[in-house]
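Letters A, B and C mark the chains in the order given here, with residues in each chain numbered from 1 onward.
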Amino acid sequence: MASPSTRSRLLGHALSAWTVAVLAVLWLPLVVIIVLSVAENAATILPFTGVTLAHYQATLQDGALLGSVANSATIATLASVLATAVGVPASVALVRYDVPLSNAFRVAVVLPMVVPGVVLGIGVLISIRTLPGITPGFVPTVLTHAVYGLPFVVLLVSARLAAVDDTLADAARDLGASPLVAFRDVTLPAIAPAVASGFLFAWVRSFEEFVRAYFVSGTTDVLTTEMYALLAYGTAPKLNVIATLVLFVLAVVLAVAMTAGDVVSAVTAGE
Amino acid sequence: MSPRQPDASDADAPADTTSDAGHPHSTVGRRSFLAATGAAASATTLAGCLGGTTGTPTINVLTWEHYARDDVAAAVEDAVDATVNVTKSISSEKMFAGWQAGKDQQFDIAIPNNNYVPKFAAAGLAAPVPVSDLDSYPAIYDFFKNAMDTQLAVDGTPYGVPIRFGYYGYGYDSRAVPDHDPSWSVLFDGIDGVDLSSAVALYDNHFKAMSAAALHLGFRDAFDGDRITLSESQLGAVTDALIDQKQSLLSGYIAGDASFVKGITKGDFHVGHTGRMNVTNMRADGTDWIEMATPTEGALSWFEAAVVSTQTDHPDLAWEVVNEYIAPETGATLAREGHAPSVNPETTAHLSERRTELYGAIDPARLADMIPSKAVANEDAWRAAWERVKTA
Amino acid sequence: MGDTDSVLGRLVGSPRARLAALLAPSGGLLVALLFAPLSFMVAVSFARVSDASRIIWHPTAANYTALVDATPFWSTPFVTSLLLSVGIAAATTVVCLVAAYPVAYALARRDRGRRVVFFLVLLPFFTMYLVRVYSWYLLFGDGGVLNDIATVLGVGPVDAFGFGVPAIVVGLAHAQFPYMLLTLYAGIEAVDFDVLEAARDLGASRRAVFRDVLLPLTLPNVVAGSLFVFVPAFGSFVAPRFLSGSTVLLVGQLIAGRIDSFNIASASAAATVVVVLIAAAFGVAARYTDASAGGDH
């Protein structure tokens, strides 16, 4: 029979091993893609025939694909700016005020996260098809993605607001600062990491969102619909390359974000 | 890019080798001259954009990738006084949806699959074909002339010009599957003495998959007439055959040509439903183990047909470009790039013997055997049956 | 909390007006792009669609009865796909929960390496979902990397490594895992571990402490995390297609397929049922988490 301390050490090792195993599974597909992006035979890993940068060259020369990346980035930026712009005031209202039906509003704000993308996508699609003068395309995609990003902003920002002591803002106003100045100089800096995290989440969610875009983007080609076409009807090499490039860009952004602000606590403070 | 003729007025006497003796370009040339000068005169802003160096108008084409290849674009531009700008599309549906959403303003030509031409026409997007102006029309197979008058026509007026064609059969990995009599039944009953369990792929498309099953079951009659018509009991038999197949031989359903190539190369399946063009492409790329089978029960054929936008500023020039796609030499270039035969048998004069065998001429008698893709009579029932197969 | 506490609040006159100014933009967005489209969808589900894809506003329940129009009623494609979706989403949730709980516990209890682990968890989360699905497509399948490796190791092609439900569950679990992990971490981190130590000192076994103390304390997070995994998995569309060789039809795919075939009314009816079921699940879960959340914070 092992002693209690041995058992607790064993348990610790088991937890470490489990964590490593889970991380390995999380990373397995990414490693496959990174390897394939430089593999001569981009269809599958075995047999491995050699290393090449030809797929990168072909991808960077594909104007349509790069155009769709630009479209996606534009849509993600506009959608997350909009989500942040409407989400921060809503968070302030929910946390700082006794809002009538605040629970109902809180649930409503979270709904875009839990209504399946297929359902929301077709709901928006059949609505705009029926309305005169609106067609699926750029603007509907931005708006649909803004709604999709809203819960991330509100959850992160209101959690932060709840944790921030607002007596400082009161003090600032007592000292004669206007409400807007007090908000800008006192409250906003305090919640800035959460606002930034919310924006980042909303941006990434939009950038990688497929199903809603599939239904409402119309003839605006976004990266995910283009990738879906490549997946179903096209060639794999470019998919691997785009994925690897996106991975590296996001790795840098995330590393910077995690160093600059406490993304983890912002993300996990939601509960 | 290709060396272009410096002056539109030279069109009557083409400077390069694209003029082949049998086909006078004079009519076309004069028209394009008028179109080109007309465009230059009327569109001063356009001339400004072009820096005033040339009056060559641009013809925008929305179609499949092969048309965007440098050799194809160069061949067309050598023959026609236009800059041809090809935008790639991956499906006829996308082309149609795009034009419906206003891209008919942006594009002069679209080249979807045959069954989409009536949709373009019905939506008022496609202009009637000026048949007598198309120099290469007389040379195309009678089969396709007939198609222009029937399935590409609305009230007797044709709206599309056939360009290339092909048919669906199945391809197989000859390393895993021995020689056999080509039959749709291979996909449903397998081959005696060969283990094909979980080794068969079918198109993930109710129309193509159910048609294959119907031909396997011997319902060839259903494909005669204007529409494909399966009776309720035939539909039930087709559903059962597909469900049986799903539980025994099927590896999976594949979205399209690329999925076929990925899957059979990866080894997920050894026999797969596909178009002939796809297999010839693989062979041309050096895959020597891939074989194409044309089932004896009949094969569904497809063809692409060009439509010209009712909104185009250069209708004559656009039809000239369409004509060029089926002209002997440019048609041959297109066949070479896309590995699909042209509707114009004269293209074979410009293809090597090996290439002719692969994707050149085809015995017209064989064309008559093929089943042209056409609409299904009871579409809803087919889709409902397909849902039952998918959820079985 | 009084409204005088608010900074922005003083911008406008009455508290009611201030609230309106703060909530109107997000409320408007939600109404325009969530409630209105969903309401319209529900309305369409009670209408008919003509052959020319025009909506005919003539109230009918036919689109709903068609969903269960078979004997037995659960043999219709809709119900079959609904049940399969529930099964796959439940399996995905269990996989995520089992994989994530120990990791969340380890992260909450140890400072060493926490940042790195979070980085390694979040990065795949931020990589495009479509790409991850594609990667699992390469790994699974009769000719996939996993089976290649199994064959090299001499254990032969493994059925579970082929396309099908196991592959879908793995692909979906991979996609939703971080939601579960982050939610569980937030809950475990907030637990006062002195209480657990005390229970241990009093002779409770590890299992008993987990079952009687830790699990109840973190139950709201377990429920919330499960919902964040279950719901997207339930409505998934891309993963089932590519990871089953298109041989299964989940309810999201069925709805999308009906839209593609211009069967708008029948797609709307199916989608409405899905929304109602998810709302019901949330109602039950919310009641449960609220009731037990009291001692948590």
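Things worth noting here:
In this section, a contact is a pair of C-beta atoms (placed from the backbone, for glycine too) under 8 Å apart; a residue touches a chain by one contact, two chains touch by 3 or more.
The chain list, named the UniProt way, goes like this: A = ABC-type spermidine/putrescine transport system permease subunit II; B = Spermidine/putrescine transport system substrate-binding protein; C = Spermidine/putrescine transport system permease protein.
Quantities reported herein were computed from a predicted structural model and do not represent experimental measurements.
Farthest from chain C in terms of Cα centroid separation is B.
Across B-C and A-B, the chain pair carrying more C-beta contacts is B-C. Note: centroid distance chain A to chain C, computed from Cα atoms, is 15 Å. One finds 40 Å separating the Cα centroids of chain A and chain B. Looking at chain B, residues 255, 266 sit in touch with two or more other chains. Under the contact definition stated at the top, the residues of chain C that touch 2 or more other chains are 138, 143-144. Residue numbers of chain A whose C-beta contacts span two or more other chains: 44, 236. Of all residues in chain A, only 43-44, 64, 135-137, 218-219, 229-230, 232-236 touch chain B in the complex they form. Against chain A, in their complex, chain C makes its touches with residues 1, 3, 5-11, 15, 18-19, 21-23, 25-30, 32-38, 40-41, 44, 55, 99-100, 102-103, 105-107, 114-115, 117-124, 126-139, 143-145, 148-149, 152, 174, 177, 182-183, 185-187, 189-190, 206, 220-221, 224, 227-228, 231-232, 234-235, 237-238, 242, 252, 255-256, 259, 264, 267-268, 271, 274-275, 278, 282, 286.
Residues 87-88, 90-91, 97-98, 101-103, 255-259, 262, 265-266 of chain B are the ones touching chain A in the complex.
Against chain C, the residues of chain A that register as touching in their complex are 11, 14-16, 18-19, 22-23, 25-30, 32-33, 36, 44-46, 82, 85-87, 89-90, 92-93, 95-99, 105, 107-109, 111-120, 122-127, 130, 143-144, 146-147, 150, 154, 166, 169-170, 173, 179-180, 182-183, 186-187, 204, 207-208, 210-211, 215, 223-224, 227-228, 231, 236, 239, 242-243, 246-247, 250-251, 254-255, 258, 263-264, 267-271. Remark: chain C residues 77, 80-81, 84, 138, 141-144, 162-163, 244-249, 254, 257, 261, 263 touch chain B in the complex.
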